[in-house]
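In what follows, chain A forms one complex with chain B and a second complex with chain C.
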Partner chain A sequence: MIRAFFSGIRIHVLQFTKNPFDVSGVLLWPILYASIAYYLLDAKNDPSLLLSASLGAAVMLMWSLVVIGSSGALEHQRWQGTLELLVAAPVPFAAVIAPITIASGVVGAYALLATLAWGTLFFEVPLAIEQPLAFVVAIPACVLAIGMLGLIMAATFVFYRAAFALGIAMQYPVWIAAGLLVPLSVLPDWVGPVSWFLAPTWGFRAIQEAALGRTPWPDIAMCLLLSAIYLVAATACLRGFERLARRNGTLQLT
Partner chain B sequence: MAAIEVEELTRTYRSRKGVFRRTTTVVEALKGISFEVERGELFGLLGPNGAGKTTTIKILTTLLLPSSGSARVLGFDPAREAQKVRGRIGYVFGGERGLYDRLSAIHNLQYFADLYRVPSADKRRRIAELVELVGLTGRERERVETYSRGMRQRLHIARGLLHDPEILFLDEPTIGLDPIGAREIRETIAGLRQAGKTILLTTHYMFEADALCGRLAVIAGGAFVATGTPADLKAAVADRTIVEIETFGVPEATIDRLRSVVGVTRVAVEARDQAQVVLVQSATGAELVPSLLRELEGSAVGKVVTREPTLEDAYVELVGSA
Partner chain C sequence: MNALRVLFVGGVTSYRALFNWISPWVFFPHMIGYPVFEILFFAYLGRFAGVESDEFFLIGNAFLAIAVTGMFGMGHAVAGERRSQTLTALLASPASRLALFLGRALPSILTGIVVAAMSFAICSLILGVRLPATTLAALVVVALISSFGATALGLCLGSLGLRGRNVSLFADVIAGSMLLVSGANVPLDRLPGWIRAISSGIPLTHGIQAARGIADGRTIGEVSDLLLTEAGIGAVYLIVGIGLLRLFEFEGRRSATLEAF
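Moving on, here comes the complex of A and B:
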């Protein structure tokens, strides 16, 4: 199962890198998101916000890549007829689907670093990381947690034929509820408890706390805890949705 | 114990349309089919498009749940013991889909070998053997998107055999292939049968079923209309003679007149290039030709051939009367 998992990550990253459209998107999006941090969030007028805003934009991009990447990958698998073959494989379905979201997360980690790099190059974002070790740990923890949240989403993508459209629709609520687009303090009080259940909230905070030299480790621990919870929930959802898809005959398009 | 046991299997599809006035369409894809496939046997499922062949294979390969009835694959229930079935079977379908096009054949095979738990120590050797078996040696590192349809199909078969499954399900493996490509696939299938694999093959090519299958079932409208060896099926129309009349632009009314000629049991029309070939089944054969030609007066008529019935004629008879 472990071999299938890592082989899946390898094959999906390979598949991604062979598509010039996807690759060019990942090269250009970080510039776009760095610009969002600088102009849209108006961080340029408040230098103390500049790094936080850039990190928020970078995690936004990572989430987008995971949710769009995994939904797009699953819809593509359905179109190319490989989804049925993945379901028909004898390894647990979660071990087949998780690599798709993790592979998207790996691409997302690159995009996160690229967003910060472009911000530094173009918009003079101060890239002074106070706790480099915690920062290096926070990034994979964030990738894992966001990837596992993507796995729960992937369960629905397996069932619904219009997975890609659903994936695009799932970007924005998480951007807002996780405090990536605007700080949670300016949102209604009820959004706070919702954000606690979202991996990007803790992933963003972990990276931010490490960068600013505060206390990232509790946030990293929350990322890992949420990852475990998501994995259990996603496995149950995948099992349920796989059975529904087998009952309704929705594993293929034709 | 048989390799595959199917009893009274049914499958109904429901599809809904509309937002406010939702309408539900119900299609009965399988209407209670039963059959068994013995170990080492090559069993064929023949039928026209939409007859229920693929639905049957999908239920047996765990991809679809039946509405009622039961199935056992190597003693396991594909609905409830899917994981146990999946490691023991191989599933290959025809057509262009089912492969990672942007990757090479080797990358495809490596990935599926890991998904099907091929031991690491055996993986490289197994892939090399299969690449050679399906005749892709030298091309295995090229992207699949550059492959011809026949090469893709051969790669599909290699993928289905990676974990050395006890049963191989082949769903129309030669569909859309050119004659040479199709012949190569049939040779590969015949080789697998000789090697002792249990194979369930679906096809709508009669000569393919005749050449490969030990036993077969003809399915139409979700129900079996005949089962037996190819010889058994041919025997069902052995008392008939077939008159093939090549025509050009014959109207439907004329075909109807042919049906009413005394002694005619069935009339079918096949398009072959520019011509329509009228196939007339009867017990009397050549004696009927003058009457048939009289009915075709005024129409352009080419060759007229009288011959013994083939499996295809038996199939047309069985499906047509279903």
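Moving on, here comes the complex of A and C:
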């Protein structure tokens, strides 16, 4: 199972980097959102605001790749007629799906480089990471937590014919609720408690706090805790939905 | 007359096919969810940045929703036929190409307008933006003209489907760039000169400006120069799109690449 898991991550990272659609997304979208934020914020007197915007745009792309990647991957398996084979394989289905979502997050981590480089080169965003060690730890913690949240989403996608459309539609709500580019203080009060349950909130905070030299370790711990909770929940959901789909004969949905 | 029949029957058939695949009760919430949250995202970003009003982002993104569906609908019309392996059969028919592919795109264009109108209404309520009822008819006219321009741009993209493998890539990149370049989310005077130069040559920029003018109390006559520019840009893209469609069909037949994946 461990071999299947790591082979899956390697294969899906390779697939992502070979697909021009995904590559263009990784290159374009974080730069685009970061640019919109730079032009709107115009915060020459507060460079940390622009650095936060860069990091927020990067985590936005991580989530997008995870949620679109997991929904698209299942839909592709369904089109290719390989979904039943994967479900029937002796390896737990979660060990097949999790690499897809984590690989999406790994590729999304490239967005960090893209937005930081873009901001530094064209918008004079200071590239000063105050706590490099915490920053380096925060990135994989963020990738893992977002990937695990994607695994829960993937569990529901097994059951759903319009998985890809749902994946696309899930981007903005999480971007807003996690406070990635727009601080939670600007949003209605009830959004705050919702954000506590979302991995991108803690992943972004961990990276941001490390970059700005504050207290990233509690946020990193929250990422790890949420990852464990998501894994348990996603495995249970996957088993339940898989059993239902088998019983009703609806796995292929054709 | 025959071209009109092809356009209408093709459109109705593709709409029926769409709802054979997915229930309208599932389809519309999906379609509405994306623009609603997009509008809210940028409106709150604007509030945080202290730039422009909620109305600015509401109009910009609602119009973007219309444009994107027109552009994607037209852009994917050719690619969809290729994927379902019906492209060569279609191109062997004597039917007008424009009618064929526009027919397939019309459902998504109409859906886009309905979805944008519903998103606009929902977000107006959430954000507390009130527009006089008298402006609505003028906004519909502006929306139709903007949709025409975006669909014409989509025709250019769709024609690439006769030559290229991945039209989604172009459509996605252009749709994404429009978030910034069209002035939907950033006031044009905040953008550098080279981006403003691009803005002035693409569909939607002038349509959005006209819509904002109407929302601010100007009449349709007072924004007619913007509307004429928007329609003119759409006409140019339409002519280029038809030309590219013919050129790439000819080249595809000559080099036998119509079904190359």
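The working rule: the second predicted complex is superposed on the first by the 243 of 254 C-alpha atoms of A that agree within 3 Å, B and C clash if a C-alpha of one lies under 4 Å from a C-alpha of the other, contacts with A are read in each partner's own complex, and residues count from 1 in each chain.
Keep this in mind: a contact is a pair of C-beta atoms (placed from the backbone, for glycine too) under 8 Å apart; a residue touches a chain by one contact, two chains touch by 3 or more.
Just so we're clear, the structure is a prediction, and the values are computed from it rather than from any experiment.
Of the two partner chains, neither chain B nor chain C is touched by A:W63.
Of the two partner chains placed by superposition, A:F241 touches none, neither chain B nor chain C. Touch criterion not met for A:Y230: it reaches neither chain B nor chain C. Look at A:A4: by the touch rule set out above, it reaches chain B but stays clear of chain C. Of the two partner chains placed by superposition, A:F135 touches none, neither chain B nor chain C.
Of the two partner chains placed by the overlay, only chain C lies in contact with A:L181; chain B stays clear of it.
By the touch criterion defined above, A:A165 reaches chain C but does not reach chain B.
Interface of chain A with chain C (complex): residues 20-21, 24-25, 28-29, 32, 35-37, 39-42, 161-162, 165-166, 168-169, 171-173, 175-176, 181-183, 186-187. Those residues of chain B lying in contact with chain A across their complex are 13, 58, 61-65, 83, 86-87, 91, 93, 95, 97-103, 107, 110-112, 114-117, 120, 143, 159. On the chain A side of its complex with chain B, the touching residues are 3-4, 7-8, 11, 14-15, 18-19, 79-82, 84-92, 96, 243, 246-247, 249, 251. Contacts from chain C toward chain A in the complex involve residues 21-22, 26-27, 30, 33-34, 37-38, 40-42, 44-49, 51, 166, 168-169, 172-173, 176-177, 179-180, 185-186, 190-191.
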